[in-house]
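Two complexes are shown next, each including chain A; its partner changes from chain B in the first to chain C in the second.
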Partner chain A sequence: MTDNPFQSWMSKSVPRVEDDRLLQGRGKFLDDIRLDRLLMAAFVRSPVAHAILKKINLDAARALPGVRAVFSYNDLRPLLSLDRIPLALPSGAIRFDVDPPALAHEEICYVGEPIAVVIAETRAIAEDAVALVELEFDPLPVVMDPRDGVDKDAPKARLDCPDNLVARHVLKYGNGEAAFAAAAHRVKDCFRLNKGGGHSMEPRGIVARVDDDDLLTVWDSTQMPHRAKAILVNALGLSEEKVRVIAPDVGGGFGPKAVFHPEELVIPAVALKLRTPVKWAEDRFESFTATVQERVQIWDMEAAFDAEGKLLAIRGQLFHDHGAATPYGVALPYNAATNLIGPYALPAYDLEILMCLTNMVPACPTRGAGRPQGTFVMERLLDRAADELGLAREEIRQRNLIPLEQMPYTIPVIMRDGSTMTYDSGDYPECQRRVLEAAGWSEFDKRRDAARRDGRFLGIGLSNYVEGTGRGPFESASIRVGPSGKIMVSSGATAQGQGVKSMLAQISAGVLGMNPKDVHVVDGDTNATVLGLGAFASRQAVTAGNAIYLATRRVAEKARAMAAHMLEASADDLEIADGNIFVKGVPQLKVTLGDVSKALSGMPGYAIPGGMEPGLEAAVDFQPGPLTYTNGSHVAEVEVDPDTGAVKITRYVVVHDCGRMINPMMVEGQVLGGVVHGIGATLLEWMRYDDQGQPATVTYADYLLPTCDVVPRIEIHHMESPTPLNPLGVKGAAESGTIGAPAVIVSAIEDALRPLKIRIRDLPVTPARLRALIAAAQGKGAAP
Partner chain B sequence: MPELYPVKIHVNGTTYERRVEPRMHLADFLRHEIDLTGTHIGCEHGVCGACTVLVDGASVRSCLMLAVQTDGRSVDTVEGVAAADGTLNPVQAALSKHHGLQCGFCTPGIIMTITEMRKESGGRQWTEDEVRAALSGNLCRCTGYQGMVDAALEVLTPLNLGRD
Partner chain C sequence: MKPVPFDYHVPTSVADAVELLRTLPNARALAGGQSLIPMMNLRAAAPSHLIDLGKIPDLCGVHETASNLRIGAMTTQRSLERSAVVRRHCPLLGEAVDHVGHQQTRNRGTIGGSLCHLDPGAELPVAAAALEMTFTVTGPGGSRTMSFDEFPAGYLTTTLEPDEILTHIDVRKTLPHEGYAFLEFNQRPADFAIVSVAVLLTLDGEQVSQVRVVLGGIDYAPIRLLEAEATLTGNRLDDKAFEAAAAIAAAHPCEGDEVSPPEFRQHLAGVLVRRALRKALERTKVSVNA
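Here is the complex of A and B:
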């Protein structure tokens, strides 16, 4: 890697190649797909959280004019090669995998679980028919709390499982017992965290079509088309060349669209049976009840400190609600547990993670994927300790942040890929110092005191975090220069708004000295790229970005070698820019990339000039190795109205380090979206159920997403600590903004109400909940 | 089959005559009857704003208005915003410049809302708080809103209000 990779277009805020179509309403989202003879699907879903399904009567639905077919489990099962959808991800922690059935039968385990599907000429007719289906149940007791659920006397959330403890894992290193015995200070607390769902503005959806030659083409609003294809091949008993999965324009993902849901198998199976195209476009009510979401975690935690406030050990238990199945393994609680450690030196850690089956929709990672919860717990414990020791909050953090000279920093935790958890680069103390400076932390006391004289309650908070990004094992990318001189890039990377096409185009264009607009990118299509993984774990710039960087460099080297032959020059004397390869300093001595591609395409019977291998193309499956750690520090200021419990965020400052940035504008877009997702999870978003497992918040009037008027302007400052782990030196940025938000906002709220000594333990902090805490504190005689 | 009603709706300057079920909402009419799929449906209960269009110049949630209610009226959708040759109008260009869109699903609704704000502005400079209040009926999960607020502020200056 002798060249500077960041020439011309690199590291610049280039406008995105995706925008023009999307701005004109010419995007092609799932429900925009039009096909001849297309039929529409609607699902019959469970109206109860736990029951034995005694009887299902589909006669009236089948008789409705316009209905073409209705499938229950018994009708569908002969079309499948497996009884359950093969989703299990290997994990030693899982005691028994709970793969969901494509359609529920015998036992129903959450409200919204699909039971049957109606195929009709229009969606309206299909929904009319759904209303005519008769179901008879014998209700069963429900499990709604992950701590109660692992009690040995708890009812079973699934009768087909031995108990509710679906997985158990102990994360342990160091001598915690000795540390606690010797500790000068201990703090102990219990936190109950509800977590925001994904809530992409486009719900899920799927279209399946079978051609005359038996090719099954599936358009899926998914983050992982290659995984979807592998599951379809397996569950439908087809060969790989007969299945193509395409992710069209996808209107947001945020985690849930990484999970393969039952509908993604049912619709292709039905299309194969009926041999006519079928579409299912999820509506928002279905999205609230049947799309996987993040769920309740209860953390019972204790931390030990020495006399100077240095962390000695943390121990405790995490009770994690896993919902009614395990569609995505244990990634979510595992990320939460490991990310608790954050940018701090923690000598000993002992956490028992208990994953409990419940009668709610299965849990999955959403933006941040458990990390905001782990970070929240650590930052709360630090704030508690700061109060206990009489230290400032920034001071106790300063004393515990891993110093630059200890980087790379290894923690004795073994990761999913077998590597030891290692922070590769970053200057955590400097990151905190910069955010404090940018936010005017040291002058805040004056602002707070002045406001309090006016009867206003201002508070400020601080949080630090890391995020392991760029998860492997690999991502694919290929580049081909045609004889026309046009550049075509394809990758297993898959976009849901991140700007994957722009990112790949910008890197390729940077190496070839071209305009990104002249690079045509195909992503999310299993026919364009045989191998691929897709979008999860803030990984695509790290994995696909480096893959296309290396592939483009190979193409550039080959083009130079071929051009050297054609120009009778030395390859070392050649440069590439604007589609031309020319002799340095003599730009008129040139050939075009198209000329080179043409020469390498061969003529019938003639040798390839220069004895070179044919074709101007290269493909790289980049294996990133261990995770590369992004980090950040957030400061937020809030104003709390003690009469109503309302919280207004008045200022929000981020210092962010994701290594070298490919496109700073797009990095900032990811951070902004992440922070606002975190604001929602902290103050607004609460998926509620009654004690019988009925969802109580199934509209955006009940479940509140952050709106434009409740989020502040967010200031972002960058540090760039390149990672040594990949050639571009880049780290992921897509989830990191979310991770610091709950911790910093809650710290600021507690600070605003400091005279009341309020302790916030539960998320989200709604006005009613905060008002109740304030009232309780005032009842003890303290005045705000 | 339910009874069908004839409607004549003028969309982006073109008149469409169709027979529709009375329960069909305007968003479904636009998307499924006349194949203008740029108007998106995010919640179908009038909160998310993705389906925002202008009816006789005023913004409406097209998921909450029936197609039969727009009989004889004029509807503007995102497909009619750019010039015929595809040149972006100032609202669209500003959204791209300020990274006010990511996945693009909510974007058509944002564009139509800002278009209405420009019409109603009376040539004055908007404040950021006013812009945020006016855009608060459009949900976006990707951007954190900041880019679209900056885009709106740019096109809601007296200097830029006349341009289109």
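Here is the complex of A and C:
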């Protein structure tokens, strides 16, 4: 299926077509949208994690000058066709769906849950009015821990659910019992893994406007405008042609903006009622409390090995904190569970996944989407086994990596699209070999010993991982060449800064031999593309990229056929470049793409020449089929200060394989950003709550993101193993960098403190936690 | 978030500013705004009137006298950082200011604003305590001076009256061969300190003739470790002396949170005191203002 699409503009680090506009301040982000008569919204949010809402008094808020309207659930409900927002994603694991209400009433289930909305002339007035709303509660007990929460005696996180076990799934294949019984070595450990949220630079936001002809236009800072439209059509009881959703310039998504939040329904409903445009621009405090996030997973795990260090089986339990609702199904823990397997041959696996409702904002995928946690567990188990068997860490991995000759490699796990989990391509042992070589792994002992003579503690770590990318079922793309010769591309793919426009422009320009700058791309607009899915699961280069590739090929073929007719030449003798179609070797014998388009546009009453179908355009909904697997190997070096628990990453090397690269510069940007997210998750980011469910980290003074002064230079090397699963041979690159980072950094920290035999089980690794482990080890008589 | 409504005033003299603070209800002085404005946006502070001190002449700059530096309260942290006079005659203050926030916040943040805000994790109050700075404040009845130990009143609270303004700070010049060190621990270099330590050290031969050891981040205001100073004074600075001082620092009661629990902060206090003393001792070997 793979052929060679690579022409002049492909596989090159072409500057992004988005950047001139953005760098000159001409971007139009959500809060840049200003409309006549625009009113501003602020939400009344729950100040408690779990309670019965007894009374809500909106009189004082309504009486404040400048306030136009205040809506509680009772005011909003008549505007909606459904009582809850229809978000359920089907899964056999789900025991009951918990769709969130647009505004909470009766029962409040997390701090930050929207209860009412104030619409006022300014955001400041709206906030003043929010402060005047009186709420009365009867407090209820809270569920904060996913392991405690599934205990039969635990209080209920939601009174409207039968219990807290919202979903349960057993991932099982092979004969684990026999493997454990026969194992030469077993290692066992329990991990408590926090992961950070999305923290896009631009928070969420929404503007809704109703025209005189009842068209509802919604600007939504979202990764999935088509899904937003479908939900709005359903929940507002409107017909499809009356709703248009546009994702304007979006300043980062990283997962949370793929989830439809209650505010995205409330604001359009209110705008319909008031018949005046309304804007809500989330502030950072709201991002911390009301935007979906990732939090804790508890993994209780055991691995069995034979005498040579070959994996026989892994078994255990995963307790996943799901938060107070299920707006995005079970994707997050399921990804974590399947990604644990990684690039290793694992003959038997038995994992029980218990997904627990808790009284916190719902947990949903953020960059990496559970995979960093699964990878962390596997890599830690391998390091434990290496210690137990007296093997080097690279050696135990080498013995377990799936060899190239076994690709494609099938694992008996059924994926959510019904396919069997299959690694399509990639050379995992070679990837590890290259990263060890690039990092100077074999000479590290010398560096470590020299540093230790100076009283410095250096360590090195290694991790390998895979990522299933390019999730379907499809993505749309269309291309139209106008009589002007200009090229217009539109797609259901949606950009949040990753360079989607550049990717689409570069592919279609590559096929047509043009400059990507001459391709105009429209994305994220439901009026430009009827069908679309958008941004999630590192998918848009795979899905939309191949869609635009195939569509452009069709346009090129048609242009050639038409030009053959116009030039009286054979189509096989024609070439396309720079907007011209010409006879090979005779460039003066040419027509332009514009000429062809004009001819195909028709003249009143005349036949289209050559008996061709009208128009120079094509549209393809590309269905990628099963996931294509990106892989990578990371090496990190750290310096640990055993007196303070401080960890400094001194070196970071990545070897990355996402198949054929469309634009290596953009791939590197993605990998680098992903690693930085992973560094944050490992050392800094920790969304904390007190035992009553009050968020404790609601500013960036308390919630620490990795800043440039704590991020090392990240060295990236590429392998290119094209996938046979799509014509371009491409795989996703957007999340992959995150996946290997926690495992490799923790391996390096443990290595730096090897004489102390430190075992790190919790993420993030804060200085206090590390210092506590060091102190405990020193207390046992060991000295670093 | 947006602040609650407030009125904004821009006086051009200290007297006018004091009069506004005296007569207007719920008025607050605004210096560089790097703490107060975010607090207002979070509605953690809600003054009805903001009195911007930024347009009052003579509140900025570092002036050198024979034995002192006089620093205007509205001098930005960035200009202290870049001041050759500060580096030469008050290197501890220079080292402390290097740890304050980011360059962007130092461009706006002032020494007076930081001292009056008195965040427990802030660096400048710790340096002020070690250097025993003298504060001059002006109110409706005129000016008065106070020493740093009279300044803190509680968490984020000073002994300034609501209608008083800190106008300038006097700090003695550091002696030749006076050792100094400012160290702090945090997860990222630009953050507030989890624990910070300032040390000043003068030797007479091998013996300590004068030493100041101040801890930040442990209590609501900087703590001068008088017991450690007494233990060190008159003795040689050897490992035993370092350990004794560190033990005193680590014994100071302290509050904490989930990220940095009390016992961790106490442990850090000991580690940093030991390291700061070592560094200050090294520095006694070279003349700071040569």
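Here, the second predicted complex is superposed on the first by the 780 of 784 C-alpha atoms of A that agree within 3 Å, B and C clash if a C-alpha of one lies under 4 Å from a C-alpha of the other, contacts with A are read in each partner's own complex, and residues count from 1 in each chain.
Definition applied: contacts are C-beta pairs under 8 Å (C-beta built on N, C-alpha and C of every residue); 3 or more make two chains touch, one makes a residue touch a chain.
Bear in mind that the values here come from a model prediction, so they are computed numbers and not experimental data.
A.B. asks: Residues of chain A touched: more by chain B or chain C?
C.D. replies: Of chain B and chain C, the partner in contact with more residues of chain A is B.
A.B. asks: Of the two partner chains, chain B (first) and chain C (second), which one does A:696 touch, if any: first, second, both, or neither?
C.D. replies: Only chain C; A:696 stays clear of chain B.
A.B. asks: Looking at A:124, would you say it contacts chain B, chain C, both, or neither? Reply first, second, both or neither.
C.D. replies: The answer is both, since A:124 touches chain B and chain C.
A.B. asks: Which holds for A:22: it touches chain B only (first), chain C only (second), both, or neither?
C.D. replies: A:22 sits against chain B, while chain C stays out of touch.
A.B. asks: In the overlay, answer first, second, both or neither for which of chain B and chain C A:772 touches.
C.D. replies: So A:772 only meets chain C here.
A.B. asks: Quick one: classify A:170 as touching chain B (first), chain C (second), both or neither.
C.D. replies: Neither partner.
A.B. asks: Which partner does A:52 reach: the first (chain B), the second (chain C), both, or neither?
C.D. replies: Touch status of A:52: no partner.
A.B. asks: Now for A:707: first (chain B), second (chain C), both, or neither, which partner does it touch?
C.D. replies: A:707 sits against chain B and chain C alike.
A.B. asks: Quick one: is A:159 in contact with chain B, with chain C, with both, or with neither? Answer first, second, both or neither.
C.D. replies: It touches nothing on chain B or chain C.
A.B. asks: Output check: A:686 vs chain B and chain C. Expected answer is one of first, second, both, neither. What do you get?
C.D. replies: second
A.B. asks: Overlap of the chain B and chain C footprints on chain A, residue-wise?
C.D. replies: 124, 283, 699, 701, 707, 709-710
A.B. asks: Can you check the complex and tell me which residues of chain A touch chain B?
C.D. replies: Listed in rising order, the residues of chain A that touch chain B are 15-16, 18-27, 29, 31-32, 34, 65-66, 124, 199-203, 249-252, 254, 283-284, 496-499, 665-666, 668-669, 672-677, 699-701, 705, 707-711, 713-714, 737.
A.B. asks: Which positions of chain A touch chain C when the two form their complex?
C.D. replies: Answer in residue numbers: 122-124, 127-128, 131, 283, 285, 643-646, 683-684, 686, 688, 696, 699, 701, 704, 707, 709-710, 766-768, 771-772, 775.
A.B. asks: Within their complex, state which residues of chain C touch chain A.
C.D. replies: The touching residues are 1-5, 38, 42-43, 185, 187-192, 257-261, 264, 267-268, 271.
A.B. asks: In the complex, go through chain B and note every residue touching chain A.
C.D. replies: 1, 21, 23-24, 31, 35-45, 47-48, 50, 77-79, 81-82, 86, 88, 92, 95-97, 99, 101-108, 111, 128-129, 131-133, 135-149
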